[in-house]
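Note that chain A is present in both complexes that follow, paired respectively with chain B and with chain C.
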Partner chain A sequence: MSVINAPLVGGASASAQAAEAAASRGIIRTILRSPRGVCAVAFLLLVIIACALAAVIAPSGPIVQDLSAVNRGPSSHHLLGTDALGRDLLSRLLYGGRSSLVGVAEAVLALLVISVPLGVVAGYTGGAVDRVITRTADLVMSIPVIIILLAVLAMFGRSMSTAMVALGVLGAAGVTRVVRSAALAVREEAFIAAAEVMGQARRDIIFRHILPQCRGVIVVQTSLFAAIALGVQTGLTYLSLGPAPPAPTWGGMVGDAVTAFYTSPWQIVPPGAAIALTVVAFGVLGDVVRDAIADTHSAGASGRPPHRARRPAPAAAPAEALVHVEGMSVAFGSGADETTVVQGVTFTVGAGEAVGIVGESGSGKTVTVKALAGLLPRTAAVTAGSISFAGTELSAGGRRAYRRVRGHGIAIVTQEPMRALDPTFRVGKLLADLVRAVDRCSRGSARTRALELLGRVQILDPEDVAQRYPHQISGGMAQRVAIAMALAGRPKLLIADEPTTALDVTVQAEILDLLRGLQRETGMALVLVSHDLGVVAEICSRVCVMYAGEIVEVAHTEELFAQPFHPYTRALLNASPGGRSDTTALEVLPGGVPSPRGWPIGCHFADRCAFAVETCMAAPVPLRPVFDADRQARCVRAEELAAPVEAAT
Partner chain B sequence: MSLPLLDVEGLTVDYPLPRGRTRRAVDDVSLSIATRQTVGLVGESGSGKSSIARAIVGLAPRTAGTITLHGGASAPPARRIQMIFQDPYSSLDPTKTVGYSVSEPLRVHRSPELTRAVIRQRTADMLESVGIPASAASRHPSRFSGGQRQRIAIARALILKPDLVICDEALSALDLSVQAQIINLLTRFRDRDGVSYLFISHDLSVVEMLCDEVVVLYRGRVAETGPARRLREAPLHPYTRGLVAAIPRVDPGARAKARERRELLRTPVVPAPALDDSCAYRHRCVFAAERCAAERPALRAASEGARVACHRAEDVAAQLDGGAGAPAAIPTGGR
Partner chain C sequence: MRGGWLVRIIGIRILTAIPLVLLVSFIIFALESFVPGNPAETILGQNATPQNVAALDHQLGLNRSFLVGFWTWLTGVVHGNLGTSILSGESVSSLLDGRLGVTLSLVICSVLVSAVVGVGLGLLSAYRGGWLGTALDVVSLAGLALPTFLVGTVLVVLLAVRAKVFPATGYVTLAQSPVAWFEHLVLPVCSLSLLGVASVAKQARDSILEALEADYIAMLRGNGMSEREILAKHVLRNAAMPVITVLGLVAIGTLGGTVFIESVFVLPGLGSLATQSTVDHDLPVILGVGLYFTVLVVCINLLVDIGYGLLNPRVKTR
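The block that comes next holds the complex of A and B.
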């Protein structure tokens, strides 16, 4: 079976894969991959081991006095000097660290024992259990911690352990809520539903699926809490609320140093540095894990390069074309990580023309129009070629050139209409503000024009819709409003990026009918991006088919569908259920779209092509006219493959 | 067709809303699936497709109605029914290896003969049979593309040899060329192992490819059921007619006809009234009459094994098709 040959790494973008890899990698490995993480872990381990071995490595006992050396600085005899009673500071630091670290451990243990089970159960179970747990947590969070700690210390005869456990219990409330949110998010994942469908017990689901997903959050919260606990512990011992002197504590040492500050300022340095560095190490540890988790949620957030200067190669644009894109390449990342996702794209859009760009995910169609509109994410840049709009070179002019064409020149409608509308304003206000911004007119006339625009997109009762907030209208209505907003500046070019993908089929047809009507009425040009050949056929007179970052075929719509020249276009047509009238088995294209890092030197489609020959793989295949200047295909065998079909018809 | 494998009778699903109110997602829906049969469930978002699926596997509350498997107990045993989800990126636990995820059902339904070696072997066989190399078992899902993950999810659903697999928009997130691979894979398992599918989709053209029978839902109620091919070629309910006319078409002739049909069926967009004992589609229906507001249309038999819930199905057919039961005679306009 040919599908077995599918490459193991497919269409997903490289950065997303790296991020997901971080999620499935263990947290420990994540920490050890980061230099900051290694430093923090090494320092904490050093402190813990040194304190644990205090009896072995400390030069003297914690309360041994050397009255011949009082208030001394560091010397070969006393590495960190001595205090007012001639006690060795290094020894006191090591012995004192024990109580501090044990205290932190007690607090953290109490925190975890309470917050993790409660948080996970509240998040996963929901309902009444969730309400009881979160309300209780809210209640506990409102209790002033320091008063409770002082009361506990007073009641239990200065027992530091009891105080630290109390601190852990009080701190658990906040962490419970954080863990609950994490569990709640995991609960919505489909693999949890899958586990429930296969009949897995709730306890197993919690231990096998929910907990592993929450562990990052738990580690972050724990390390940050450990830093707080150390601060509280030393604070309490500084106030002499812990073990009674002369027992060594870090806080007590700071206290002693403060009294001796004018005679011997050095004494504050060893305990101060120990406390500060340990707190920082806990914080850094949490930070490293947090960054790793954040990366998994926002793919490509790491290693964001500065906005790069574009390297345009201006070319003379034909005067009649509204848009002329010539040899444009777009890359994500920089330096060694630079990945080209769109390569040598050339196309034109005439004034008032409707052009479709069709391709699967990973074909680069959305990146292409984003580059055209100057809306590339900060991680991406146009690395070659030129984009000219109405005679203006955009790629050389940078942001300023784009600012001039936005609104009046180029407008864009995206896949998710709801995200294009600010939820805090009424629809009418959103539109009127936009009209005022582009037309610089009065409030009254802006409002009139806003209503007119809403009527323009065939909204039956514009007055009513204008009064609504975006969440009060349906998805189809929201897309109409988004189109009305795009029309506000009377653009010469409207880019519609998968405008109907998120909508129901019947609504999709309505929006397409609307777009077609508007395009004819206003005479604006339209670039429609879609994965669906049928959608493009509804509106566009010309189609560019994209595959793995390149345009593989350009043709007039009817000609393309009547007789595709490129084998990929043909395969796409055959695989499209809407494009066929019979119901025989679908022709299967083996494998998937290669990822940008796996593009071959020759034809990008050769691996999956039934007609590939050696010449296909040898060298890059150019996009060239086939039979006719208007029809272009990126295939060395285009004429040859077209011939039998032509003979048959 | 043999005995019904799954029988859903009068299913109603209500979701609780704040302040004791409820929202009816599924309203008195009946359907049955025979062995080796593929039934499609079509409708727009919010039509209750997923709620029906979730009620069948026990993930959604059931207010009324019965769900029977093999004519047996009311609660279907988990291992007989499995599910494939829409998003291949969220349906596999990213922290577990592919082998772990695929073999998990075997470990949940543990039995003595399932030793570690047997589980490993069955996992490898299952992966191979969905076109994923067995060596993939030790990798994490992040290493795979969407289509490959969907194959892995199919392997997990089929490893217990279930009688029924519910595919909840299982193709919607995949690319066109990959969709075809998965459709063919599902067909192969149906022919080889006799699996039945309940195939949920908003895309009528995909459903038509794969299904024997189709149930069209509108706002939680069945609008029309019937053989898939007939539904596409000669829809009866005004809603199904709109749905068929809305399919984007590549062929210029079919496109012009569909466009014309859409013009005939177009009504001004108005907010939907609350569900009551009337036709749920009447606010969007060109043909709505007094009776549609007064009485809820029952699902009744129509031509060629089809059943339709529309008071005026015959009048509509007469107006649009030029005679009751004479479909496909769509007038060709000069466009």
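The block that comes next holds the complex of A and C.
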């Protein structure tokens, strides 16, 4: 109750998707499916029915005194004991609950009557109406609610009903904002536009589409508000600002109990527990609906990392390889939820070599390089295989092993340039801090080196850019800065994850040129991840093609373009506009990449493959050399399928 | 201009403060006109003599029209005159100024406790997780479930009445005796900050976890910055922004909570004055407390804006 505006905290984030999920499932079913929800609903119903039937089930009247039995503990005669005037506590609790529950109902009703129409109208209509409603709501949200309630009680002769309605009216401001953002999000949905085009009346759209979609949010907000309203109601009656004694109120009973605490400490338990449990029940109800809503959106994002497998003794890495990844698997989640997303990945990168990793989204390419860089999210872990860098085993060495190679050994440029830079730091400071971290030099020389690095990535005015914040530079510029950060430690290996995807076409070419130039000058190795074979072909001498968590083909770039062995690579080449031009039409693969939980036992690609035969489905297909030790493919028919194309060309 | 944003933020807050003060006092004045029958009679109750009623009518400006009364009060406010208490005849502003210190002590201490303990718990539970996260959920449920006055009451009966660890009630100013001041504030501040600690800890945990997964953190970690430096300079700074917003809401909630807590612990602050004035129907005093609370809310929002602006360069460099 002390945070009157509490529904605002975290409420807006649930927003419309929330509503949508809950509405589509049926809110009541959502609540009843969770044990917590069932308990909360059952308890609230029990309290409501018991209080409504107070006149029938209460052992005595609420103000009947029995001075021969004052301050008694619970007994068969008085189930919850008696107070200082010998009044039966159970009876007072039941009768007192009426005023509390009625008060909550009044506040909630006032809240809904105001906030739902205003919120829906503001969100759906937009424009000036929206602005007026939102501004007013903002203003009302800053009103010290409790003082207004006190003023109401002072002037309306302690009328608790008036005060609770006032609480509802003032609380409506925050809820209006939440409903508004829910309605706003629903309005953006395609089916609303469709309904508008079809000429449905606005009123129909509001009642048939917008309101049902906002139901979840409204339920969450209402139950959290009810919890607050009960806190306020009991608090005001505790201050004896409500119905005058001897009328029973829950708050008043707490007050009486404090007075009688020396002689009979028990008395504080019944009203205290009643208040706490009822408030909890309202709170839990809101939480259950909100969690149900949130779950549908963050499934798989939570949970613990899988157990790391005991690793086999690392196989001796080939002497010339800088990076050697052997049989690496990565999984998300743990226990029954453990999902392997990358499986048995093996590849090497020689010193100074540029290797591309190509695949559709969902193929596991980003997870593969994140695992290589030791940057998997908390919920994921390497579950099998080994990763060695310059002869050091990294995956077994854990954090410490990675700390030693980061910066000087392995460096990374993450996917989205606009998210790669801490938005709260000036670019120059960010870069200089990183230089100091990897070089352990003075501030002055770190600054000089930072500017030098900015020049290195062909930023024309390093002094000027260094002074800017990330939001003040373009995406291409941000990517250059990110590359400069990666260069700070003069790495032996640079991992670039989709370095051009988020950028304009012209900028893409510049960044690729930059990467190629830097790689040549510095002699560092490069692992480039892309969904675009054309991008990889420009820089990389070797390519690993990934599909559904596995590497399906490894080859030198020219050979891969000239003669793909795996049917998936072939499809990828045909689908890539920059790829082969010998096909008449752009081939589109039927179906989609299977999700990690739906991987088949056999070849992951078999379902979509035009050449699949029974042996493809029967057992896992290994990655194996085809014709040549340097070329590998994960296809049982690789040699056979390669032949006719070779003949044709 | 480097400090320009600060001037802009303060300007905006002062501009929004004016309609807010007008709105709050207008509502309280308007309530008067809704009161059935003669407000002065209702306010004074059944034992009022006609002279008393006439005097109150005059004092409240009830014999004038409602708008004229409102205008008169507003003109008074501009000149620093908030009227006089119906009950004691004392000047409302001197009455309020005398009690402001108590309420400020409560609110500032509670917000500090919420911030320090909340961020500490949030940090621990983000990095350690497991049982601490569960414990945090339980504490925040308790924070929401137990109304402030109930927490206060239970603390009084357990730690003051029964165990006599802390004084149950009363107040000593900081100037009189810092030790006694502290002792008298421990229990009220604990009761007031329970919900704040829980809200801040939850928000801190969520935003720290979110920051830890951010791409810019992966960039720093992946390119050689130490975990300690990442946490101190980058994670905390980015996680602080939503925490500051929640802290503002906590501060405003705490201000409202003082009304209950000052009554439980018999502290002579603005909140207990408001409660007493409600019982006494002392309208000018309620109006004055409303004004002070509104100004405090504006100040809290201003501090939140400034804190946010210091952390978020987008505010500074627009």
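Annotations
Convention: the second predicted complex is superposed on the first by the 509 of 649 C-alpha atoms of A that agree within 3 Å, B and C clash if a C-alpha of one lies under 4 Å from a C-alpha of the other, contacts with A are read in each partner's own complex, and residues count from 1 in each chain.
Criterion: contacts are C-beta pairs under 8 Å (C-beta built on N, C-alpha and C of every residue); 3 or more make two chains touch, one makes a residue touch a chain.
Treat the numbers as computed from the prediction; the structure is a model and nothing was measured.
By the document's definition of touching, neither partner reaches A:G86: not chain B, not chain C. Touch criterion met: A:L512 reaches chain B, while chain C stays clear of it.
After overlaying the two complexes on the shared chain, residue contacts for A:A194 are found with chain B alone; chain C is out of touch. When the two structures are aligned on the shared chain, A:L241 is found in touch with chain C, with no touch to chain B.
Shared-chain residue A:S361: touches chain B; no touch with chain C. Of the two partner chains placed around the shared chain by superposition, chain C is the only one that A:D433 touches, whereas chain B remains out of contact.
Touch criterion not met for A:G126: it reaches neither chain B nor chain C.
Contact with chain B, but none with chain C, is seen for A:G534 once the two complexes are overlaid on the shared chain.
The interface of chain A with chain B overlaps its interface with chain C at residues 1, 3-4, 6, 8-10. Residues 44-45, 54, 57-59, 77-79, 81-83, 85-87, 90-96, 101, 104-105, 108-109, 128, 131-133, 136, 139-148, 153, 156-157, 160, 175-181, 183-185, 187, 202-206, 208-209, 229, 242-243, 245-252, 254-255, 259, 262, 266, 268-270 of chain B are the ones touching chain A in the complex. Residues of chain A touching chain C in their complex: 1-6, 8-10, 139-140, 142-148, 150-157, 227, 230-232, 234-235, 238-241, 251, 254, 258, 261-262, 265, 268, 272, 275-277, 279-280, 283-284, 370, 373-375, 377-378, 403, 406-408, 410-416, 419-426, 433-434, 437-438, 469, 471-472, 482, 485-486, 488-489, 491, 495. Listing the residues of chain C that touch chain A in their complex gives 16, 19-20, 23-24, 27-28, 31-32, 34-35, 39, 42-43, 141, 144-150, 153-154, 156-157, 161-162, 192, 195-196, 199, 203, 209, 212-226, 229, 233-234, 237-238, 246, 249-250, 252-257, 259-260, 263, 274-275, 277-279, 281-283, 286-287, 289-290, 293-294, 296-298, 301, 311-314, 317. Against chain B, the residues of chain A that register as touching in their complex are 1, 3-4, 6, 8-12, 17, 20-21, 23-24, 189-191, 193-201, 204, 208-209, 212-213, 360-361, 459-460, 475-477, 504-510, 512-513, 531-535, 537-538, 558, 561, 571-573, 575-579, 581, 583, 585-590, 592-593.
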